[in-house]
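One structure, pasted below without further comment.
Just so it is clear, A, B, C and D label the chains in written order, and each chain counts residues from 1 on its own.
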Amino acid sequence: MPRCLCGCVPSLVRRGLLATGLAAAAFPARAQISADPALVDDIVTANRILYDQGVVDGFGHISARHDKDPGRYLLSRSMAPALVTAGDIMEFDLDSNPIDARGRAPYLERFIHGALYEARPDVNSVVHSHAEETLAFGITGTPLPPVIHLARAIGPTVPVWDIAEKFGDNTDLLVTNAEHGRDLAARLGQASVALMRGHGFAAVGAAIPDVVRLSVYLPVNARVLTTAMRFGEFKALAPGELSGRSGFDPGSASYWRAWEYWARRAGVGERLGEMP
Amino acid sequence: MPRCLCGCVPSLVRRGLLATGLAAAAFPARAQISADPALVDDIVTANRILYDQGVVDGFGHISARHDKDPGRYLLSRSMAPALVTAGDIMEFDLDSNPIDARGRAPYLERFIHGALYEARPDVNSVVHSHAEETLAFGITGTPLPPVIHLARAIGPTVPVWDIAEKFGDNTDLLVTNAEHGRDLAARLGQASVALMRGHGFAAVGAAIPDVVRLSVYLPVNARVLTTAMRFGEFKALAPGELSGRSGFDPGSASYWRAWEYWARRAGVGERLGEMP
Amino acid sequence: MPRCLCGCVPSLVRRGLLATGLAAAAFPARAQISADPALVDDIVTANRILYDQGVVDGFGHISARHDKDPGRYLLSRSMAPALVTAGDIMEFDLDSNPIDARGRAPYLERFIHGALYEARPDVNSVVHSHAEETLAFGITGTPLPPVIHLARAIGPTVPVWDIAEKFGDNTDLLVTNAEHGRDLAARLGQASVALMRGHGFAAVGAAIPDVVRLSVYLPVNARVLTTAMRFGEFKALAPGELSGRSGFDPGSASYWRAWEYWARRAGVGERLGEMP
Amino acid sequence: MPRCLCGCVPSLVRRGLLATGLAAAAFPARAQISADPALVDDIVTANRILYDQGVVDGFGHISARHDKDPGRYLLSRSMAPALVTAGDIMEFDLDSNPIDARGRAPYLERFIHGALYEARPDVNSVVHSHAEETLAFGITGTPLPPVIHLARAIGPTVPVWDIAEKFGDNTDLLVTNAEHGRDLAARLGQASVALMRGHGFAAVGAAIPDVVRLSVYLPVNARVLTTAMRFGEFKALAPGELSGRSGFDPGSASYWRAWEYWARRAGVGERLGEMP
């Protein structure tokens, strides 16, 4: 939400304007959830980061797999990512049924998350975004290979999922049931990100910072590629450049440096908790 | 006006810099208007949102049909949308005559609004914007179909209105009388938005949030399409994807979520009132 | 300088960081200049507006002809436009000699201003900018006609001045003497703006708000045109659409509305004084 | 870090959120380094400027050669440039071994700096950046000549270094050892900047403000060139326009004006110290 570091979120809370402030009162916070409170905090931080980095606006979401029960995941109730606080994080089973809704309305498209956790045991965090830079690729089928090292997590191929292929031309393009979600998961296969035609993308990662980084640099990669295609022949990252350990891998100073920077830019002061 | 959530508008008011502060003193506020005060508030909020989202700058405006008299509409006096307050909202008949001007100068181009309410009983809110991304379409006649689901309200076709067709090559391109307005309305027909050659667009909706959303995502759709056209063949939304109910329709959580987010981002804390 | 309306300039001054604050102490302010203090204030406001609107950064400048002596003009000492205050405004003759420098270093390129006031008695304000969007036109000779109504002041043709034509290939492209300035003025002729190859533009107007508006919308016009050229044939404004009175002309509500909005956005609260 | 001038960094420090605040406590500051404290301050200021100008984000760095020992250089510990303070500046020999690490983790890619200081005695400051606008040039081999006068320091040619040429297709593209660094230095030769394929650029200068300016205007030059190439034939700066003294050279008012402006925009109030 903050565009600068001038304490935006705190000032809003101070002015009593935020529904989330009210929500925190109405819905007792993370203590009521069986997941690690640090994981809940990380999801909140990730929401703020994705907003501050322009990956989500009023729409889009990020979830994490439950740290104690791989058959569940954690996701905010239906609200803009910039406004999410710990008390807004809900728990779902992999069919995307809320465990203890307490009146909170879930995202209509939570099925994206449930289906991807179900299909991919290696995945612990999922992002859904409408990031504008990727949309032209999705509606034209233009390949979107990684061409910059910060986007190596894109992997060798980015499949495009078109809801119309299986569900016809009369949908509103939204992933509103488990069938939609599973069809998307099938198209994703073992890839890291799938474009959703006319809609956005779904990305997965082994941990929250991985999928956040992928979501931040996927649009950058798309912009660079869009320009490079105009110039003519371009060199994408080689297969060997996509694999193997990197100075940007978990545990490296660079890995934490980016997260710390993003969190502070977004006005969130808390440290990243331990990831599952 | 605010670029971030740091209380820009309040701080300006505090510093006594805003003409609108003065204006509020000079022109007694909404109590003097026969419309629902909540509707007046919504128009103010919509002005701030459109500014914050980059849809309007020093120019552009949004109006709403009067909730008690369909033969009237409500629109700010002539001022930048970022500065509008409740006391600036004026009432007009459908010929765009002010009902009770009390010295307030109306927008020169208010005839856009009057003519569209006259021609379209289904319309309860109108936006006029110079949004840059749409201008290249208007001066080239390049079709601007919806290609992303958030812009489905664009509808199947976007007509282009060229003032020169009927009024010749010696205008300043502005819609400064009822005849201009009616010619624009005729070109709009049953569409949701018409491009105005070399000038901007006029968009309509059943309610304020509908036309705000359309105005926010029309430029995004234009940017995505501009890139996609460079790539080659693209897939626009299918007719069935433009109609039918959607998770983004009025009453849905998503519908309100966006409005709440936009309003808070724009530094406006008030809730959306009931729409007619 | 301010990117938002959170009182940036005042807070900087409060923190005692601004050299301009020091400068105001060192150089007694406008009282010492023979021009109308309101005109000096308007030049300061225009500096802040041009910065806030992205027309100038650390470089670029705006001047006005002296209101009492047409053989003189007013321009800031050499400093970033965002930092200019009344005490920084210097007086020059049309050969660009400072009248009463009192130790203040003038802009190296003040000769742009002197030469244009000398050549064009109808001109009362001059802007020099490096605005990025115009540069590709200057280095390719691609015509830059007005295609949007807010940029009608561009006029029918925009000449390109290439310093190398007369002064050869060994300059640093800067207008550092009267001869350079006069050559630029000759190329401008009766036009409103000339592109300077590999450098930027010089624009002129009958009053400060005119040249500010032209400088704000010239880059917008350039971006729209850049996209339109990619689409194919485009319709530029017709000759008749460039002339005649307009709702945007001096004295109209729209004319003042834009200035008031720009000034407030830039954090400058003062009203525009009377123009010569 | 600051996007506006609202005192972002100070307010963050006040809220106790900055690790750098903690770091300053843990690692006694510049008093412990043998370099001129003013030089250390300039490196800190340059970090903030490069962030504020969008040249670096969570990644990228700037160093300076030690003012008393040409066989050493100064560079922050591994952290986001926006957060760097004096206590974070470390000293390295030209093999990029830290002199007195005191537990501070160095940047993985510090070898860029060591190798360039080793190869180029004329160089006193080095920037490494991932600036997006340059990346399409690096992956296509499209020439990136200077076309605007503010980017004349680019020089006549910009070599492209592809790590794969010498080190094969299985790297992560990072410059993680002295061999990588020396290969990059060899490709740079006597140029001012080298593109790094799929990664970013490395730029050098005789002093900190020189390489900062080059790094700020290289992306602008890339954007202008990208547009100009679409238009067709363009005129690059002539060889004579790249050499000779300029009004923008060290010691000129313009030279200091830009630095002062950048520093204040970035919320850094300190003056530039004397450069070696």
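Just so it is clear, contacts are C-beta pairs under 8 Å (C-beta built on N, C-alpha and C of every residue); 3 or more make two chains touch, one makes a residue touch a chain.
Not measured: the values here are computed from a predicted model.
Chemist: I'd like the angle of the rotation relating subunit A and subunit D after CA superposition, in degrees, nearest 5.
Modeler: Fitting subunit A to subunit D on C-alpha positions yields an angle of 90 degrees.
Chemist: Is the contact between subunit C and subunit D built from the same residue numbers on each copy (over half shared) or from different ones (under half shared)?
Modeler: Mostly different residues form this interface, as fewer than half of the numbers used are common to both chains.
Chemist: So the centre of each chain is just the mean of its C-alpha atoms; given that, what is the distance between subunit C and subunit D in Å?
Modeler: 32
Chemist: Could you put a whole-Å number on the gap between the CA centroids of subunit A and subunit C?
Modeler: That gives a centre separation of 45 Å.
Chemist: On subunit D, where are the residues touching two or more other chains?
Modeler: Touching at least two other chains: 3-4, 6-7, 230.
Chemist: For the complex, which residues does subunit C have touching subunit D?
Modeler: 1-4, 6-9, 11-12, 15-19, 57-59, 78-80, 82-83, 105, 107-109, 130, 132, 135-137, 139-140, 142, 162, 164, 168-174, 176, 197-199, 226, 229-230
Chemist: Under the stated contact criterion, what part of subunit D meets subunit C in this complex?
Modeler: 3-7, 147-150, 152, 220, 223-225, 227-228, 230-241, 244-248, 252-254, 257-258, 260-262, 264-265, 269
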